[in-house]
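Below, subunit A partners subunit B and then partners subunit C, in two separate complexes.
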Partner chain A sequence: MTPNDDKISSYQLGVIIFNTILGIGILFLPTSLTKVAENDGWILLIISGIISIFFAYLMCYVGKKYSKYGLVGTLRILFGNITGTLLTLPLVIYFIYFSAIEVRLFAETAKLYLLPLTPLEFIIIPIILLTVALARNGIETIARFFEITMIFVSILIFVLIIVTIPNSDYSNIRPFLGTPLVKLIKGINASVFSYAGFEILLVIFPFLRTPNKAFKSSTIGLFLIIMCYVIVEIQCLAKFGVKETQTFIYPTISLIRASQVPGGVIERLEGLLLALWVTSVYTTIVSFCFSISVICADLFNQKKQKHFVSLIIPIIYIFSLFGDSVVELFDLSNLISNTLGLYTMGILPLLMFIFSRFKRDVNKGEG
Partner chain B sequence: MAFFNNKRFKSPKPLVDYKPETKTDISEKIDDNIIKIKETFKDSDDVVFREFVVGGENGRRMFLSYIDGMSDKALLDDFVLMPLMLTSREVKPDYEEIKNNLVNITKNSTLAVTDFKEVEKLEEVYLSILSGEAALFIDEYNKAIIVATRLWPARNTSEPSAETVIRGPRDGFVETLRFNTALIRRRIRDTKFKVKQLQVGQRSKTDVAIMYIDDIADKRIVEEVEKRIKKIDIDAIIDSGYIQQLIEDRQFTPFPQIQTTERPDVVAGAIYEGRIGIIVDNSPFALIIPVTLNAFLQSSEDYYSRSSITTFVRFLRLLSGAIAIIAPATYIGLISFNPGVIPTKLLLSIAATREGVPFPAYVEAFVMEFTIEFLREAGVRLPRPIGSTIGIVGGLVIGQAAVQAGIVSPIMVIVVAVTAIASFAIPNYELAAGFRLIRFLLMILASIYGLYGVMLGIIATLIHLINLKSFGTPFMAPLAPFEISDIKDSVFVRTSWKYMKNRPKHYDPQDEIRQGSDNNDA
Partner chain C sequence: MKVKKIIILIIIIISMFFAGCYDRIEIEQRAIVGAIALDIVEEYEETYNADLNIVKYVNTQSSMNENKKGPLISFFGLLNPVKIQTGEKAFTVVKVESANLPDSLEKLSQRISRNPFLAQTRMLYLSERIIKNEKVFKETLDRLDKSPKINETANVVVIKGNINNLAKVDPKLESTIAAYISGILENSKTASDIYVLPIYKLLAIIRNNDGACAVPVLEIKPTSEGEDLVINKLVLIKDYKFLTYLDTKYVKFFKIMNNDFKKGRVLVNYENNIIPYYIYSVNKKIYLDEDEKNLKYKVKIELEGDVEELEFEKEVFDEKVIKKMSKTIEESIKQEFEESTKYFQDTIGYDYLGFNDYTHKYHNKIYQKYKDNWDETFKKVQIEYDVKVYIRRIGISKR
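Now for the complex of A and B:
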């Protein structure tokens, strides 16, 4: 029986987490990882994945406790009205920037491989308009859309992994743990942000039918992502080796390009891959847009989030035009993740967790 | 049921609230009634008025009225008039007794018909006469007796032409409501099976029957359907297509949200799943509510053949649906924007055949797609013998002449042909028609954005499909929202009947169990 209360099941939460995290990042991931950790990139991925799960746990702990209030409400309860409101502002900016960079990076890649003659703006505009079309409809519709794309994307990833297996030299992965520990720890910084996207857990709790199961399903979502990332990283190393991987801008695309479909039905898979990857990027932007609109609606005490989607979209569009080249965009995105991203994914959940523990004690004392 | 929420249904606003009509009582004086009826049916020469006297010279006057051709004349003659006029004479008449008791005698021992009722208002009399019943008035009695003499003229049931099957029953619906309900009733011998009859249309007074099984169908949907049908305020209902469009949730969409079928076995199967069937008089197309995309891609035959074969066929249908939507658009995208994806050898041969073609790929594609749409439309309307001629001419135009004239390339012909064949493999005609529109949308997007445009179009279509609801049931169920137990009978697979123990959950049946838990186990 499917009740129609605009809430989502725990299975749908897992799907949303998976689809939100999986975006443009996987196309760049192996290069940045091998740059910091060489052969141990995949170990780094697992470590940072576990860290992400830990922070997801913090978010779930707080979210479960204040599941009715939403992020803004929770912050206001924990930190007071003004401080709580102020604490959400960096979050909004982060979400906007993140989706803008996601759109822009995708547009750059699409321009390079698919539409060399089309102006960037014309690649960005339709996908942004489609984002409005979906994000307006509320969480339940979004979740249902993600369920469909989940099937589609899983099949795609499976096929791509199978395709890349021939001609791989798995001895390239050795030696394990050759990188110094200090370097590894420094690298965690870079790799944790490849899991950016699970912070929608901060926002999503009021829409959950069973908040208690949230941690389990989001862990499963994260786990699937970790697997995908690790496999891609290993395949890249096996195919190219460390030195070559470090030189790519789009290592995953190069990986696909180096592979051949048996029987030669399709040549140069990367064009097809990029066209199909639109859905994956699209789902990421939609969840971020939805999160922003929910936060904004809460900030202004409005019940309907859908009008805020239309308001945010021009801002995302303008932000997405900043920066001239992919390299500049990388720098910008590093800057954003190291400041605002760190705040959203690390500091804020930690603060909320600590304060909520404290708050409970106070409540007990009073009660 | 605990999660009941009014927001589930967004019902259309009523155009006009139904007000109870002012009704005229039937007078005790038979002359008043005769005058009123004759006045009402003035200039209607097919209405028969028959006055007669029962019980001798100064007996009681009676009056019978019906419409010639709609009522069973033989029945009226032999079992209504005959006993009243003749048999009553044979009994040794005690005039006084008969005179005082005539009504009771008539009702209890004279009228040799199975079905009659009494009404008190003239308007009900009119409606009955118009439906083909006969109205009998008796002097000094303020009710009319309605004798059920309705004729149900019907052609023989024949195999539905739009939904032929190889394995399965051959009977199809006809234009007569009562025959159609009987066809369903024969398949559902259950006291809980309900046939609720309503009359829709201010002037046409068309009979509409809502059919469901009381303890399986979701009560909310039954109520909602009834409510929406009652709200219809229109002069006439000619076909079930009227009802379909008047009660649908969304009007501006190429996808139908109500399933239509000519096959009684499909309706019966749907009713057993907890769905609701609607039959409209004068239409051989029954409606089924609610429906999902999943149900549209199934054929009744699926449930009669072996599960492994069916699973394969369903996979084929899914594939053909995908091809019908994206094939021409993908061709445009590949040729115009991303030829690199095509293997080099094939690309070379495509380029060689396209050498003489003066148009870009999208012009070529649009020309060919439109040609085939013209052919399809022409073939449907024309009488059979000319229709086949059109097929031959079209085949020549598409297959040979266009290529030799250098307007299109041979590969384009293949793409168009495959698309057309694939779109015929979709079992439901209305859904296939919707897919055609989406195909053109994708082709436009592909001519602007290439493969990226195709994906944008697919995303847009998906958003639309996700947003659709058919009477509260999500259109994409059971894929979204995902229901693992319903995947057993979905677009991908159909497991063997032994394993489909429960009814599909996404239709919210009250009683989910289709097979007892222990039986049928090997």
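Now for the complex of A and C:
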């Protein structure tokens, strides 16, 4: 029997990682990849996936060691009280911005394809209000909800991939490695952020029943995501070719739009995709909101995180309205990824890892 | 605490209900557009690929952008779902003149009582004049590419003949012309000379090939009993401009070279009999050799199929006969291919056969040397065919 202690199993951690990463990004991904790496976008995805797994390892290494202290506690131990607290702030801003952009991009997409006459606010507000309902209830409820949605999302992805297979020309992924190596390395920057979401590993360790198994389950979660991304990228190339894929704004939706169910039983599958993709976006936002609330609770030495969920919701809503046009929104999203994202996913885990190696010796000396 | 929960719940429920209401539309309020036909007003000039003059459209009217007269003429085939069941003529055609496609939808709304709905569109007809006008053609492509509303799996055909006569065509077994024509295009799965091109594929091909594409042609011919139509030709487009029509005899070859051939029939002269060979599987492999500034391709094609008839009382149930027939079919197809290749290399002069694509994908290093001047290279390359024919079945009688 599962004990009711507000802790999650390692399987549930994998599910959380999968659901958090899988969000709105997959709808835009093939374009940016094809822009930098042409036919080799999928190779880029695999390379950056491995890089993500490496950083997940760093997070798990530190997390395992200081599993009961939480992120803020660990940072305070490693860097001292003031520096530790200051190092957390960019993280909070990043999480808030990330959720805001996620919800805004989803609303924009839904408005374009599904609800052209509905005001943007009416798409955004219900999603974030529902986020409050789940994120307040703690990690265990979230994990259970994610387990249920994962089944639906997996079936959805599977069906949609199957539907896109006919009339695809897989020779389009050739020539292999036709892109210059320098260009490919530069492109890693663009693709690594498509895995944004696994950084909740920084926060989640105090809630794990078995911190030792965290790396294994998060790797499985990441691996599934890499597979999904690679398949979507290859399907896009196979259906449209390089130059056409480069011009799309919503390549994955275009891919679904260009596919037909044999016999025409169901048409216009993009409506179905978007209607169900809501859950996928929702899970991402819930994860991030929960992470922010945990960090905030630790910062202010509060035992319960749930009040902070309600407090940050208005901020997310306001942030989500930044950016006038879709172009500006994408630029903003890139800017956040390249600065705060880089900090959260790369620099901070690396610093924590280095300092924790150093700290161990100090502990030993003390012991 | 409870009060708070109830308030939140009420807010959520209300906001959810409101979100749905904005886009609520009853099915009776929709005007389902089954087909769109696009044409240009007559005073518009034409641009051919032969001379590279860009169209100049002289707007003699004022500086107002709301141009009431063209350049685009759109015909919308609106469906009446109730009548489709009864088998009557279930469509009505509305003609509007507008500046562009979105404007034509706006003008359509001024003319009909319902809301235009493009998600179920089956056919898009482009007139000859559209593809002979680069500016309008590119504008149309752009709209097709950008619009989230148009059904991207709708098929595109170019109308050769008077587009006004399309509505006069008798849809034979169907109740709408769109269903009639998309039914003909569906036959491309079993017929060799019909080429089908959905919108998304048109956009992908034309973009990946920098403005080169082949589009199926629908020919409207006046007969004694009214207008009749046939789809068995292609129109070749180069640099977004009209190049030429491609005759029916080359369509099969074009489809095989572009991996679009599913099933279909070829006619072969065997001992002074024209016999049908029904191909149901094609396997194509290309090999490339490079020698002193010239490329040599070897195309290996394996065909599987049935011989459907020969001559009454003539023995076919004999291995020697089958072998002889295979040999004859091989020779005949090889000659056909060589002749077609010569036509593409010498007369048309542009690579519509996918050699460009093949070289890029499988011999990228070689391709990089020639890519800037591919059209010239293509005219000079040597292409050899090696055809292998398998006759699998001969019907149900031995003689």
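Everything that follows uses one rule, which is that the second predicted complex is superposed on the first by the 367 of 367 C-alpha atoms of A that agree within 3 Å, B and C clash if a C-alpha of one lies under 4 Å from a C-alpha of the other, contacts with A are read in each partner's own complex, and residues count from 1 in each chain.
Just so we're on the same page, a residue touches a chain if its C-beta (ideal position, glycine included) is under 8 Å from a C-beta of that chain, and two chains touch if they have at least 3 such contacts.
Being a predicted model, the structure only gives us computed values, none of them experimental.
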item: Contacts of A:V132 with subunit B and subunit C, given as first, second, both or neither; value: second
item: Partner chain in contact with A:T118 - subunit B first, subunit C second, else both or neither; value: both
item: Contacts of A:R257 with subunit B and subunit C, given as first, second, both or neither; value: second
item: Touching partner for A:V278 - first (subunit B), second (subunit C), both, neither; value: first
item: Partner chain in contact with A:F240 - subunit B first, subunit C second, else both or neither; value: second
item: Which superposed partner A:I82 touches (first subunit B, second subunit C, both, neither); value: neither
item: Which of subunit B and subunit C A:I266 touches, first, second, both or neither; value: first
item: First (subunit B), second (subunit C), both or neither touched by A:L181; value: neither
item: Intersection of subunit A interface sets (partners subunit B, subunit C); value: 114-115, 118, 123, 126, 130, 133, 267-268
item: In the complex, subunit B residues that touch subunit A; value: 1-5, 7-8, 333, 337-338, 340-344, 449-452, 454-456, 458-460, 462-463, 466-467, 472, 474, 476-477, 479-483, 505-506, 508
item: For the subunit C and subunit A complex, residues of the former touching the latter; value: 8, 11-12, 15-16, 18-20, 22-23, 119-120, 145, 148, 151-153, 198, 200-201, 203-205, 207-208, 259, 360-362, 364
item: Touching residues on subunit A, where the partner in the complex is subunit C; value: 112-119, 122-123, 125-126, 129-130, 132-133, 167, 169, 171-172, 174-175, 178, 239-244, 247, 254, 257-260, 267-268
item: List of subunit A residues in touch with subunit B within their complex; value: 1-5, 9, 11-12, 15, 110, 114-115, 118, 123, 126-127, 130, 133-134, 137, 141, 143-145, 147-149, 151, 264-269, 271-272, 275-276, 278-279, 282
